[in-house]
Amino acid sequence: MRMPAEGEWVLLLHRTGDKYLVRVEDREFQSSMGVLKLGELRKLQFGQTLKSHLGEEFLVLPPSLPDFFEKLKRAPQVVLPKDAAQVVAHTGVGPGDVVVDGGTGSGWLAIFLGNLVRPDGRVYTYEIREEFARVAEENIRKVGLEKIVTVKRRDIYQGIDEMEVDLVSLDVPEPHRVVAHAEKALKVGGYLVAFTPCVETLQQLYQALRGGRFAELKTIECLVREILVRPGATRPSTEMIAHTSYLTFARRI
Amino acid sequence: MRMPAEGEWVLLLHRTGDKYLVRVEDREFQSSMGVLKLGELRKLQFGQTLKSHLGEEFLVLPPSLPDFFEKLKRAPQVVLPKDAAQVVAHTGVGPGDVVVDGGTGSGWLAIFLGNLVRPDGRVYTYEIREEFARVAEENIRKVGLEKIVTVKRRDIYQGIDEMEVDLVSLDVPEPHRVVAHAEKALKVGGYLVAFTPCVETLQQLYQALRGGRFAELKTIECLVREILVRPGATRPSTEMIAHTSYLTFARRI
Amino acid sequence: MRMPAEGEWVLLLHRTGDKYLVRVEDREFQSSMGVLKLGELRKLQFGQTLKSHLGEEFLVLPPSLPDFFEKLKRAPQVVLPKDAAQVVAHTGVGPGDVVVDGGTGSGWLAIFLGNLVRPDGRVYTYEIREEFARVAEENIRKVGLEKIVTVKRRDIYQGIDEMEVDLVSLDVPEPHRVVAHAEKALKVGGYLVAFTPCVETLQQLYQALRGGRFAELKTIECLVREILVRPGATRPSTEMIAHTSYLTFARRI
Amino acid sequence: MRMPAEGEWVLLLHRTGDKYLVRVEDREFQSSMGVLKLGELRKLQFGQTLKSHLGEEFLVLPPSLPDFFEKLKRAPQVVLPKDAAQVVAHTGVGPGDVVVDGGTGSGWLAIFLGNLVRPDGRVYTYEIREEFARVAEENIRKVGLEKIVTVKRRDIYQGIDEMEVDLVSLDVPEPHRVVAHAEKALKVGGYLVAFTPCVETLQQLYQALRGGRFAELKTIECLVREILVRPGATRPSTEMIAHTSYLTFARRI
């Protein structure tokens, strides 16, 4: 296994499940299991362990994208991984695709999609609130996708600059106001997906989609329930998220 | 828009939603809306329309991966897109990853993953039943992923050849028999995912995982419900798939 | 155990799960397991068995209400037991209550409620379609609730005759048109419940309820999934009913 | 409307949804909306209002069973109304039935069933923990079902005293230990229902039921999701209870 580079993000995983995302730098880090000297990471390979001053061992791992997601700065409302993943199932978005993403927020969805379209695809994400745009750019750099994902300080209700786009993804309050722009931006056969928490928004969106060059309209909701598998006590978790957003898909024709 | 190449797979989409996956070749094709001369596709660009002998127009599109999935030869039990997509959410599998897939079946899951790891990643899918291996290879060629996805006539219960693997995905009757092999094959920080319809298999799998070098064990089920958005009559679909498989994730430490 | 009376409805249950609802009378009955002479029921007590001409044994049981429900003549759209039961949970409807039921259909819901308000309560169920009213009356007699449940050939959109009612239950296309009538008919503290498949009906209903003397408005949906518990193969059923109706509750103040 | 009797439980409902369960007695009660003199209830009829010292009006209502349920002393784990109601759907339990209930806890389920079997049925509920038995008896008196529901300080694992029972309901850690007793106690055609949170308990229960005189074995889980119907913002609630218990039904043959 290789060694982490200076300044690289590294996951520290304790056998209890506690985990931390830290950088290789000269710094002491206060974990729940004692102080960790992050400078010592320079002498370690991934797969080896870093000891706290209390002797507790943390496994040193290259972070996966889900690791980053747990630690990114979040906007209050955010598309969840369970829902973002359904976009892969319904649109086949993948390497090389060009994506326009409306309503950057914390950049979470743009990063999720950016990771999938690497190395030749691009994600252009539109945000008019400067404070969100800045948080998103920081998150994108942290994950190392700054060459793939671009934050644009533009109002997606006013138009989309890109053409021949494979996917337009919308997490904005009034997605029906973007339908005409998406129609122009999308390549024939390309997909639009919109995340909408309320039924009324859904109804407005359908009216706009039915008036445009879109087919294969479909709306789903996705529920994920955890199952706790314990010796002699296997059962579903007692709580779950009952609703985030409806997902609406449409295809440019 | 470009023109389809000779022999290339092309999607024909009618405004009623009827669709066909055909190749550019000298052949007459009997659709539900009249006979289509497929040779005429040579004169068309994507985005243009092909007329049947009844004058019905079909839009000519480059097929998306979901289009292929609907038309592939299927094995009786198959991981569904809604579930396959959760693997993206939980493991971050993406471009460049190396994946070992156990129990090829019709190759559907291997293709789904192969599409995501393009162009530098690879999927090695294990299958001992010759008839399935052959169907899978045919499906992989159809989708154009033959350089990414390799079908191996090997019993995954006997071992995994690959090393430093990012993801091991298991859709076999006894996934607990693959845990020790996956432990050797996976890189530290890599993920295992198993699809298991029954609770008893889940219990055996956890016993094996708890005895090995795995952490972050988690099991979920994913339910997707369609919402029918119609003027004045918006409501969930009356039927849904209530269960396919439990998805168990574990991480190599 | 007592013996069934002449003409009484009797449940015949085979160990395979096959079951029939028959009457004590001079008749031959063709079951899936051979011919049964129903006259022989006169010599049997409940709990004993009746043999077919092939020697197959059927257990003779007094039918439960769920047995009747499976065998009643049904209207195409019907409130399901899982949903009807939620009315008990949310309103506490029980012995002695007076219920007005709008949209009799096959009478199923009226019978369900009639069984619960016995012996001193009453259900008045409104139906304007003569063919449904007749089927409902037949079903009510079959179950033996003709003294409890009365079918009224009246349009509930035009008004409700009863006063000081404990519960108004609505399974009609436009429940908002009954809200003002229900307000007059219900006793203070009484409940209204409406079964509505579509969101738009729900929205109209809430507008009417908010304009009237109602409080504690609440809407739920109820999903029931079967679990198949088999040796070594315990798992949820692969299919389930994804939607019947939204249930809206409101309380007269 | 009648007047509440001295010492009777009365529901006070404010238009904000705040509600209190109080008795007619000489006492001052501190509500969230000011002090209420409960002695003044003697001069009021149900349907009239009681004013706090701040001038806030509370509607005076006869409490429904759900009102009582919200205010009863609860044991930590309790069968929820959504699940208890499914027993009505699957067994048809109703007026006149004799029920044996194992594991009284706070008495909630016994009260739910007691209310349904009134006035001629009976519920015998078994509890060995004295502190629970006392809380349950207090709750039963509060609801006014002391003539219908009897708490027995007996271990239901040791046996059931009653015979010709219509329903045995089990909310105990090891329901399989009660199956043989239930077989003796139940009348032919009667039902057993067991509430079990874990799959392993379910598997043991089925083994016992399959070894006994039971048919029509069925297990379900019931999920209830709230829908928030607000002008322009109709959507499901963001959280829900994902699991309480599996419900298993079996019928004595």
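Just so it is clear, A, B, C and D label the chains in written order, and each chain counts residues from 1 on its own.
Note that contacts are C-beta pairs under 8 Å (C-beta built on N, C-alpha and C of every residue); 3 or more make two chains touch, one makes a residue touch a chain.
None of the values given here were measured: they were computed from a predicted structure.
J.: On a CA-centroid basis, which chain has its centre farthest from chain D's?
T.: Relative to chain D, the chain with the farthest C-alpha centre is B.
J.: Under the over-half criterion for shared residue numbers, do copies chain C and chain D use the same patch or different patches to meet?
T.: same
J.: Counting only Cα atoms for the centres, state how far chain B is from chain C in Å.
T.: 44
J.: Using mean CA coordinates as chain centres, what's the gap between chain B and chain D in Å?
T.: The separation of the two C-alpha centroids amounts to 48 Å.
J.: Using the average of all C-alpha atoms in each chain as its centre, how far is it in Å between chain C and chain D?
T.: The separation of the two C-alpha centroids amounts to 22 Å.
J.: For chain A, what residues touch not just one other chain but two or more?
T.: Correct list: 199, 221, 225-226, 234, 236.
J.: In their shared complex, at which residues does chain A touch chain D?
T.: Residues of chain A touching chain D: 197-200, 221, 225-226, 232-244.
J.: Where on chain A is chain B touching in the complex?
T.: 1, 11, 13, 15, 17, 46-47, 59, 61-62, 64-67, 81-82, 84-92, 94-96, 115-116, 118-120, 187-189, 191, 199, 202-203, 206, 215-229, 234, 236, 246, 248, 253
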